[in-house]
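In the two complexes that follow, subunit A is the common piece, with subunit B as its partner first and subunit C second.
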Partner chain A sequence: MTDAAAPLRRPRVRRGEYLAGAICVAVIAIMLWPLVMSAFASFKSPAEAASVPPTYLPHSFSFDNYREILTYHAGLFSYVWNSLSVAGLTILFCLALSVPAGYALARFPLPGKEVIFLILLASMMLPFQALLIPLYLLLNDLGLMASKPGLAVLHTILQLPFSIYLMRNSFEAIPKEMEEAAVVDGASSFFALRRIFLPLVAPGVVTVALFAFITSWNEFIGALILMNHEDSFTVPVMMTGVMTGNFGAINWGGLQASVIISILPCLIVYLLLQRYYISGLLSGAVK
Partner chain B sequence: MKMTSLPGFRRLLLTASVAAFSASAVEAETLSMWVRESAADPGKLMVDLWNTSHDNKIELTAIPDSQMITKLATSVQAGNAPDLVSFDLIYMPDFMKAGFLTDVTDQLNADPHYANHIQAYKDIATYEGKIYGVGFTPDVSVLAWNKDLFKAAGLDPEKGPQTIAEVVEDARKIRALGGDTYGFWFSGACPGCNIFVTSPMMVAAGSKMLPKNGTDDALTGDGVKTVLEALKTMWDEGMIPANAETDTGANFVSAFTTGKIGIAGTGGFLISLMAREHPDFNYGLTVLPGVEAGQVSAFVGGDVVAIPAKGKNEAAAREFLTWVLSDDAQLNGLAKNSILTTRTDLADNEYTKGNDKVLTTAKALSVGYVPWVFHFADMVNSDSSPWIGMLQQAIFDGDVDGAITDARAAMLEIAGR
Partner chain C sequence: MVYVAPALLFVAVFVLWPLGHLIWLSFTAKSLMSGPDDAVAFVGFDNYARAFGDKNFWRAMTFTLTYTAYITPILLVLNLALALLVSKNTPLRRVTRTVVFLPVVIGLASSSLLWYWLFDQQVGLFNRLLVDMGVLSEPLVWFKKATTGQFAVIISVVWKVVGFGMILMVAGIQAVGNDVIEAAMIDGASAWKRVRRIIIPLAMRSIVLATLISAIGSMLAFDQFYLMSGGGPRGQTFTTVYWIYQSSFVRFELGYGAAQAVLLMIVITSGTAMQLWLSRKGQK
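Let's turn to the complex of A and B:
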């Protein structure tokens, strides 16, 4: 760009930039507001956090709420570890099932493929609560009650339709010619999946993993119904417990502190994987 | 497709769960016990005391209040129930009827301490002549007043309101202090709070509340109308903060503890909460009043402990039930921790001596009522129940008579199911 051309174009670009910037700042502010308030509230003393009318900024700085959840019943780390391990297993199960399923649905001439796909998606349309009792009995018969793999299976069932949908789209977005080239070179279907497709659908895989993590991390009712011991409960169950007082009274301070704690892993995972996440979500969107 | 994919993992998962099972089999003497979250603190005190002096240890798990019923019902049906459970006594009738609990009639009838057990707990845990549990960690509703505000308003700070009319008069004088000081508080969108603190005033004023079946009496007598009109007066005159209308219980306790409220219904749990969080708060407790001085009532709440049907350690669980009524549990587990005893002969003990507030709650416990009805959740506790609908229609919309008629019809319809 030459110096002569710059002064002519800059003002217009700037005005547009400022406007876009202002809109972005406004949107970010709206999105961040509850989180910031939550963070502030978590550092208030328990009495101040519950005060009516509520204060915006903490009048005193206190770690009491964090101390409370740290030693709450089985201890915060027990709940976090349970949540993380169940979420890890859920990611594993989801990927193990949705990658081959998406591959098959996208690349093979299965008879009644669309019907199978629709049936798979149909479970997304049912409220999860309606499936809970049958799933509970099924897992009980399988001997998976009150175990982390059992809860991970439940979360996988929840997340699987969406995962397969996403993986199918990812596989379909890959040009047919690549597969044909692999076949011509003598690659089997499995070899092609492993060596050709998987690197190409990596964003889709990451997106599936990300969504599986978030679903499992946040899921409450299944974790509560399936698990039977304090030391096997997950973070959302702990949060509901921390929050509950007599007759609907709410422990605001404890609740906000656990909100902040529960956001952190999601935030870290998202920040690490967001690059892939965006491209994964868009894969197959335009064909 | 899902089903065919599952067996691949099943063997691995089964192995894992078998390993988990054999690990727990080694600790066969550990009993599992569930307690609802809001009763977890007193429950833990009792269980800790038991664990110090018994070989069979109890492992306590707190379940969020709103999910206790769902979780217990599903687990009993699937044969996964805990060995002991402590839950809101109000659900006893439904659970006894459904056959979810173990019959402990012979054991308790042979127990000399059971004769002194508070009548309300005996009643709520009895179905068709059989007994299914005992009172565990009691609570009871009372009326609290802020002594500092009473003094500032020119009222006698040592004397709480003795009638519903006095509640209104005192609240009016306190509101006259102006600013953000209000006379009275109730959580207008919290069904459970109001059955706890508002219904006893109706009962004290001579009303019968909830129907046992479709042809029973419901909301009869003048008490319901008297209390609703008193609350409507206080609402109309601005003696109650505006946010009471939508409060689902989040401020049930905290509204009073801010020190800006003159009078509020509350529970015995306030004593330990205040001692812990607001030790200098100057307040008094009295029994919930009726129309005339001397008419009093209370809602007997808290938890009962019972043994879910098909439990694996029934014999050991039965021992715990017997222990709950023993002197050790009552005095060292409950009374020592400022919790009421569930035995009338121990109500006045070394720990309660001279503590007026605890004695007030003990009195409330002895005069209190607990409704023995099925479908309590639908009739009262749900957010769209006829009970809360009546309060809102009468107090905030101003239609007292219509509210009572509508609620009565809806309650009878539910009770007749």
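Let's turn to the complex of A and C:
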């Protein structure tokens, strides 16, 4: 670069920087607008939420929409509880299966290791939506229809390949010497797993749990098919009920209140654990 | 081996066995209403023959393919543009990344219902905003026509998933490394040239990956159409998964649904294989 070019380029770069900044702000505004509007609508009075034409900002502040869905059929809390317990079970299943599998695949010279790993990952390639018919029949035979463990199994199917992949990477990242030291000291492999490895792969465990939670909390078609009793609905399925309302007229305020309820846990968990989420996503995707 | 056994067993019972069962079912006339002990008639390739002659199945398949053909390039361009915008690490760009990624973590059902409300012709604020900005002269009944309905779904899904591909591409761009880009700047390469000749080729892997993931996701679309358009008007916006759901769980024809599911799986797997093959060939 010649010296003469430098002072010339300076203002141009800065102008480009301002432009990029302005675009960033615009992008932020566009992306947030729907969420903010929904949050505002949820705090409008039910009458205002259904007014034509709609208002941007609420004229008054009211909890009526939330109060209404609080007592919707079985009550909001029982649906939130359903969703939470299915998500909890999904996390449990995913961890119980993926931690030992990841450990073995990363640490032991298993015969046919790559084949096993491929079989486990191949299930990720099969579209889960296409398997819903036999899964429905299978869970029905097992007596797991409309049950939380049943739906959790379904969500585990979705999340397991990614979990195993992630756990294997976490275990592989640990230096070999750590384990050798343990073996020399006469520790069993199970002891080594529990006492030495688990603390080291804790970030991986958090990431697996985080993804399992978000997948399970949000999953819709499986819950729609499997949870066929009003009492067993998860939050996404409940929302469709809130939408239709009681007499065919859509309860707009209640709908936005339930949308906000359904979004909130994910946003909180994501904002708190963003680092784990992004690194997990990237390590899962960039293979 | 003991450690892998549970996972293998789980995959065998809940993935491989259902897969085999699905293929077997596709050759039967199994109904959702039949009891566990009822004999199920084996019908050979009848279900497949029926699917090939079924106007609704083809319409759903074509609709899903066009939906994928529209949304994939839109996402690709926006992903890349956003990634180029925010790949540098400044505070404002970090915030932008976080915000653009926010909708990715919320449910597709939630975002679909949120946008269903925004698009409503009476109470929808997106309609009002477009009217206030002078884009529309009066609120549009988006879901009255298949084209505008599909467009509405595309807008909502783009909002929901654009951050996903963006993050993958940001990682790809950041991996290129500043020294390469600075070297190009010193050589006098313009911004456009740097993007086209250096960043895009070097970040190709993550670009292909993001595109593949979004294309597969669109081929499997269900939630957004089930909740926003309900397959309407007149069944014009049924996607393949939606139509399989309709055949199996609304009309109870599990055997027929299974055959369609097998066909969908073949389409997706071959599409994926082809794209991977093409991208590998392109890299050589």
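Things to note:
Note that the second predicted complex is superposed on the first by the 216 of 287 C-alpha atoms of A that agree within 3 Å, B and C clash if a C-alpha of one lies under 4 Å from a C-alpha of the other, contacts with A are read in each partner's own complex, and residues count from 1 in each chain.
As a convention for this text, a contact is a pair of C-beta atoms (placed from the backbone, for glycine too) under 8 Å apart; a residue touches a chain by one contact, two chains touch by 3 or more.
Note that the coordinates shown come from a computational prediction; the quantities given were computed from them, not determined experimentally.
More residues of subunit A are in touch with C than with the other of subunit B and subunit C. In the superposition on chain A, contact is made by A:263 with subunit C only, not with subunit B. Of the two partner chains, subunit B is the only one that A:46 touches; subunit C does not reach it.
Contact with subunit B, but none with subunit C, is seen for A:241 once the two complexes are overlaid on the shared chain.
After overlaying the two complexes on the shared chain, residue contacts for A:199 are found with neither subunit B nor subunit C. By the touch criterion defined above, A:146 reaches subunit B but does not reach subunit C.
When the two structures are aligned on the shared chain, A:112 is found in touch with neither subunit B nor subunit C. In the superposition on chain A, A:175 makes contact with neither subunit B nor subunit C.
Applying the stated contact rule after C-alpha superposition, one finds that A:73 touches subunit B and leaves subunit C untouched. When the two structures are aligned on the shared chain, A:186 is found in touch with neither subunit B nor subunit C. Shared contact residues of subunit A with subunit B and subunit C: 50-52, 97, 101, 116, 120, 133, 136-137, 153, 157, 160, 221, 224-225, 240. On the subunit C side of its complex with subunit A, the touching residues are 1-4, 6-8, 10-11, 13-19, 21-22, 25, 36, 82, 85-86, 92-93, 95-96, 98-103, 105-111, 113-118, 120, 122-126, 128, 139, 159, 164, 167-168, 171, 186, 188, 191, 205-206, 209, 213, 216, 219-220, 222-223, 226-227, 241, 244-245, 248-249, 254, 257-258, 261-262, 264-265, 268-269, 272.
Partner subunit A is touched in their complex by these residues of subunit B: 1-2, 5-6, 9-10, 12-14, 16-18, 20-21, 32, 37-38, 40, 59-67, 70-71, 74-75, 78-80, 82, 139, 187, 190, 192-193, 196, 243, 248-255, 257-258, 260, 267, 269, 277-278.
Listing the residues of subunit A that touch subunit B in their complex gives 46-47, 50-52, 73, 93, 97, 101, 116, 120, 133, 136-137, 140, 142-147, 149-150, 153, 157, 160, 221, 224-225, 228-230, 233, 237, 240-241, 244-250. Subunit A contributes residues 1, 16, 20-21, 23-25, 27-28, 31-32, 34-35, 37-38, 41, 49-54, 56, 96-98, 100-101, 103-105, 108, 110, 116, 119-120, 123, 125-127, 129-138, 141, 153, 156-157, 160, 164, 214, 217-221, 224-225, 236, 239-240, 243, 252, 255-256, 258-259, 262-263, 266-267, 269-271, 274, 277-278, 281-282, 285-286 to its touches with subunit C in the complex.
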